[in-house]
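These are the structures in question, set out in turn.
Common to both upcoming complexes is subunit A, partnered first by subunit B, then by subunit C.
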Partner chain A sequence: MDNHAQEFAPSFHVERRNLRAFGMWLFLGSEVMFFTGFFGAYIVARSAALESIVRPLDKTLGALNTLVLITSSLTMVLAVVFSRRGDRKATGNWLAATFLLACTFMVIKTVEYSAHFREHVFPSTDIFHGFYYLLTGFHGLHVLGGMISLGILWVRNRRGDFDSHYNDPIEITGLYWHFVDLVWIFLFPGLYLL
Partner chain B sequence: MSVTCVADYIHPEPTTFFRKYVWSYDHKVIGKQYLWTSLVFLMLGGTLAMLLRWQIAYPSQPVPFIGELLKNSFFFGPNGEVTSDGYLQLGAMHGLIMVFFVIIPLIVGAFGNFLIPLHIGARDVAFPLLNALSYWLYLPAGLMMFSAFFVDKGAAAAGWTAYPPLSDAAGASVSGLGMNLVLGAIFLAGFSSIVGGMNFLVTIVKLRAPGMTWSRLPLVTWAQFITAVFQTLATPMIAAGGSMLLFDRLFNSSFFIPYGLHIGAEKVANAGGGFPLLFQHIFWFYAHPAVYILILPTMGLASDIIATFARKPIFGYRAMVISMTSIMGLGFIVWGHHMFLSGLNPKMGMAFMISTVFIALPSGVKVFNWLGTLWGGAIRLKGPMLYAISFVAMFIVGGLSGIFMAATPVDIFIHDTYYIIAHFHYVVFGATLFAVFGGLTFWFPKIFGRMMNESLNKLHWFLTFLFFNLAFFPMHFLGEAGHMRRLATSTGYEFLNGMAPWNEFITLSAFALGISQIVFLYNFVYSVFFGPTAPSNPWEGNTLEWTIPNPVPHHNFDKVPTVYRGPYEYSGPEATALGKDWISQDHPPVEGVASNQH
Partner chain C sequence: MSENKHEHGWGQYYLVFNALIFLTVITVSLSYFDLGGLLTSGVELVRSIKLGPVSLGFLPDIEIGHGANILVGMIVAVIKASLVLWFFMHQREEEGVNRLAFGFCVALFFLALTVFSFDFVWLKTYAFEELAQAAVGGG
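Right after this comes the complex of A and B.
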């Protein structure tokens, strides 16, 4: 890689980190529009209905999951900070912590889902549960994507791919992970509380 | 690994066949992959249109050759005629394929990929891996799309807009596995489009060569930039809408199914509580910007071609950029004009009518700028120029008919008639495809390193221009007379009987139009392999791609160029001082001559 950079004399500099972070921000902009479609539809369905379409959900489990995800955002930030300092061990540990918190989130979500399935509550039950499964389902897929990225990062970090000069993948996964967290911050009150 | 200077970094030149032509990271190869694939899809999509036209002109008569061969399969009945259900499939699939799998990949995937890095003086796009990924999402999506024809109940048949509950409710006759496949394919193609758009945005913002300021970008690249904003921010909406539709279909939720919906006498099984109109809002929030995705890049292509062959600077460069940007801004707030007759609040209709009519302003600015560029130019009427001028002419016709339907009172009269079909074919075929032909013939020497046959280009231009207008102009008359679109057989309506001769005339012209494309196909394929070798700058253009020798080397530029002037400095003082009428963007300033460009 560096050989090639020398082969063609450099004439101007763009840091790859900026490039990737910019790309990730654009991708997140696109993701915001994607979830806006769902949220917008949910708002329309709720505000246009003559009587409330909302059905109760398990607030305790929802709140617990909120706590788990917010904590995972903190551990993600710590992973990014330590990777900037080049502290491989701490980076690895905080990545692992984030991964485990994501797993916890998914386990709690599975508990919730299976309770619904036992009571024969499906997307077809009513319009509210349609939105419930749609929103939490797509959010869950995003969590899953984040977990895969975190796993790969952990392995790469252990292998020594990152140092204080090169931690772009951790940085941009951090951006993505905060976005996933943020979506849940909207989902929780929207579905469980309001 | 350290912070690398990406602008100068180039991924190693591939050595294996697989890395060179299949999983290639090279933007030029990916551009060609997009080009060939979308041209094949264009032929298939065009064939579907021919079958549609046959059924309209000769209702329920066996289709020659193809129908005989494929009796009782796909969209054919026992005698080889197009069935009415088959007709709806053909209509929906023709639209979907042309929009999502032909035009967007052709003008964004092929031209964008090939031209953007060359135009801005970069070695490749910002994320070559994602670029390869976007093609390899698009191809399987396209195959998935066509696979819908092979499953039980056939392909999607609810129109290209896939309005629920027709596309949605389990009891609707058009709902089969084919519809699910089509929705999945659109989701994949959308993802490919988002990834591509994001990639182009980063590339254009971050990887411009030194001196390539925003006011020195060729308009092709400006247009691609604006299109990429649309792709990144609007495409997710169709992904959301399509996902909800799929959710309804697969898990029986009822996002778009109201309470107590009956199909025939039977109540649908879904719980209800949803809103069919909601889908139309979501769909058009994407699909109207998508309409601009279909035209903006070709406005860029035409601008470059017209300036080059008029040997003049583009008239009003700044106005061109501002008008394209305003088209983008307005493009996001006009979607409701597709829904004037859908039960939209009339006050909303008024708002959407006003915002829509406003789009005529920037569009008009562009047309006048193209005409201003031609005015007094030393015009060279080569093949690409003929196509580009036809682009402007057809865009004027399509644009003007658009203003009529933007007015709610008029739209009530012409909505869902052939007038609409005439309008959007004037824009998407007349304007876009003419600019695509112009772009293909113009950049062919750079893409393939060979020249196309000029006489055959002119012949193809003449035939296409003639038969296109013969086929589509009469549709305005049919629409004004009330001929509905999406009608498998018009024989059942007495007031339509008088229009049968017109329909036959249109169909014959459409067939002639289709057959004329063989001229281009032959010329294109022959020239790729046997055309005479092209000089590096056959049209005497200024932009950076013409400074590169043919074939374009893997790393594009031996040395990243430095840019000193705008892209359209034809016949300017600097060029004149050099004794010619053009001067490359990277030519160092000519001593003693004032540069007249920012």
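Right after this comes the complex of A and C.
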């Protein structure tokens, strides 16, 4: 990709980057709509019930997962920053750190889910757990998708696909990953705390 | 991602990260308190204070119960989300249509939340009383 640098004026790279980012922002906008539907249904279900439908969840594990995701957002943004500088090694390391934190999130989520299953708590148990599995399940799928992207990015970065003129995939995957964090920021208080 | 891509140091990202951690600790701690109850008794306390002719006895009862927790929790979540959006997602470097595309959907999200939240007021205080009365009357 090094020849990109000589072939095109700097404004070209910015244009192309902005176009790709626009595509990702549009996609994330549709993702906002996607989660708004479920979150809205949760609000309506809660407000329509005469008694509180909320069942307690493990706040400690939820808070731990919040910290993991926030930290992974930091490592992701550092990966983006170093990829802009063309520092391949640091980029790879921060991508790996993000990937590992995503794994940690999924492990903690699995611990939570298996504890529920042991107590025979399933989506059909009550309406709260129906929403709990729906929201955290779709969020977990998003984390999984992010992990696949991060893995591909790490390999491509190692292969030398990216430099300071071309790091679009890292930039837009960063946007996606922060969005996954964004969703959790609302899910955690909505389900675990309030 | 504007024309002149500023080189941001790590500093600001660590600052935002620390703010996010701090806000998480705040929101988890607050969930152990009954903010609605505190608000109600706080208002009562303020009302009972009399400094000569000056008093705040006209303040009405405020009993929003668990709604206070929900309100504060959501406000903290919105602050956290804004920090992530503005700094981590570099929305502050975006311009034009890249801001609009996402901003519009976020605006719709809050519109939806507002509309759904009317259910809290409507269904709780109105529809179910009517339903209950209808059930009692019809029974």
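The criterion applied here is as follows: the second predicted complex is superposed on the first by the 180 of 194 C-alpha atoms of A that agree within 3 Å, B and C clash if a C-alpha of one lies under 4 Å from a C-alpha of the other, contacts with A are read in each partner's own complex, and residues count from 1 in each chain.
Methods note: a contact is a pair of C-beta atoms (placed from the backbone, for glycine too) under 8 Å apart; a residue touches a chain by one contact, two chains touch by 3 or more.
Remember, predicted model here, so these are calculated numbers, not experimental data.
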Contacts of A:Leu134 with subunit B and subunit C, given as first, second, both or neither: first
Look at A:Val81 in the shared chain and tell me whether it touches subunit B only, subunit C only, both, or neither; answer first, second, both or neither. second
Which partner does A:Phe122 reach: the first (subunit B), the second (subunit C), both, or neither? first
Determine, under the contact definition given at the top, whether A:Ser47 touches first (subunit B), second (subunit C), both, or neither. second
Tell me which partner A:Asp181 touches in the superposition: subunit B (first), subunit C (second), both or neither. second
Applying the document's definition of touch, where does A:Gly151 land relative to subunit B and subunit C: first, second, both, or neither? neither
For A:Phe34, using the defined touch cut-off, is the partner it touches subunit B, subunit C, both, or neither? Pick first, second, both or neither. first
Output check: A:Pro169 vs subunit B and subunit C. Expected answer is one of first, second, both, neither. What do you get? neither
For subunit A, what residues appear in both contact lists, the one with subunit B and the one with subunit C? 11, 14, 17-18, 22, 26, 29-30, 33, 36, 40, 44, 48
Using the touch definition from the top, list the residues of subunit A that touch subunit C in their complex. 11, 14, 17-18, 21-22, 25-26, 28-30, 32-33, 36, 39-40, 43-44, 47-48, 50, 52, 59, 63, 66-67, 70-71, 73-74, 76-78, 80-81, 84-85, 171, 174-175, 178-179, 181-182, 185-186, 188-190, 192-194
Residues of subunit B touching subunit A in their complex? 1-12, 123, 126-127, 130, 194, 198-199, 201-202, 205-207, 209-210, 232-237, 239-241, 243-244, 247-248, 251-255, 269-275, 278, 282, 555, 558-560, 562
Could you pull out which subunit C residues touch subunit A in their complex? 1-3, 5, 7-8, 10, 13-14, 17, 20-21, 24, 27-28, 31, 66, 69-70, 73-74, 76-77, 80-81, 84-85, 87-90, 94, 97-98, 101-102, 104-106, 108-109, 112-113, 116-117, 119-120, 123-124, 128
With touch defined as at the start, can you tell me which subunit A residues reach subunit B in the complex? 1-2, 4-5, 8-20, 22-23, 26-27, 29-31, 33-38, 40-41, 44-45, 48-49, 53, 122-127, 129-131, 133-134, 138, 161, 163, 165-166
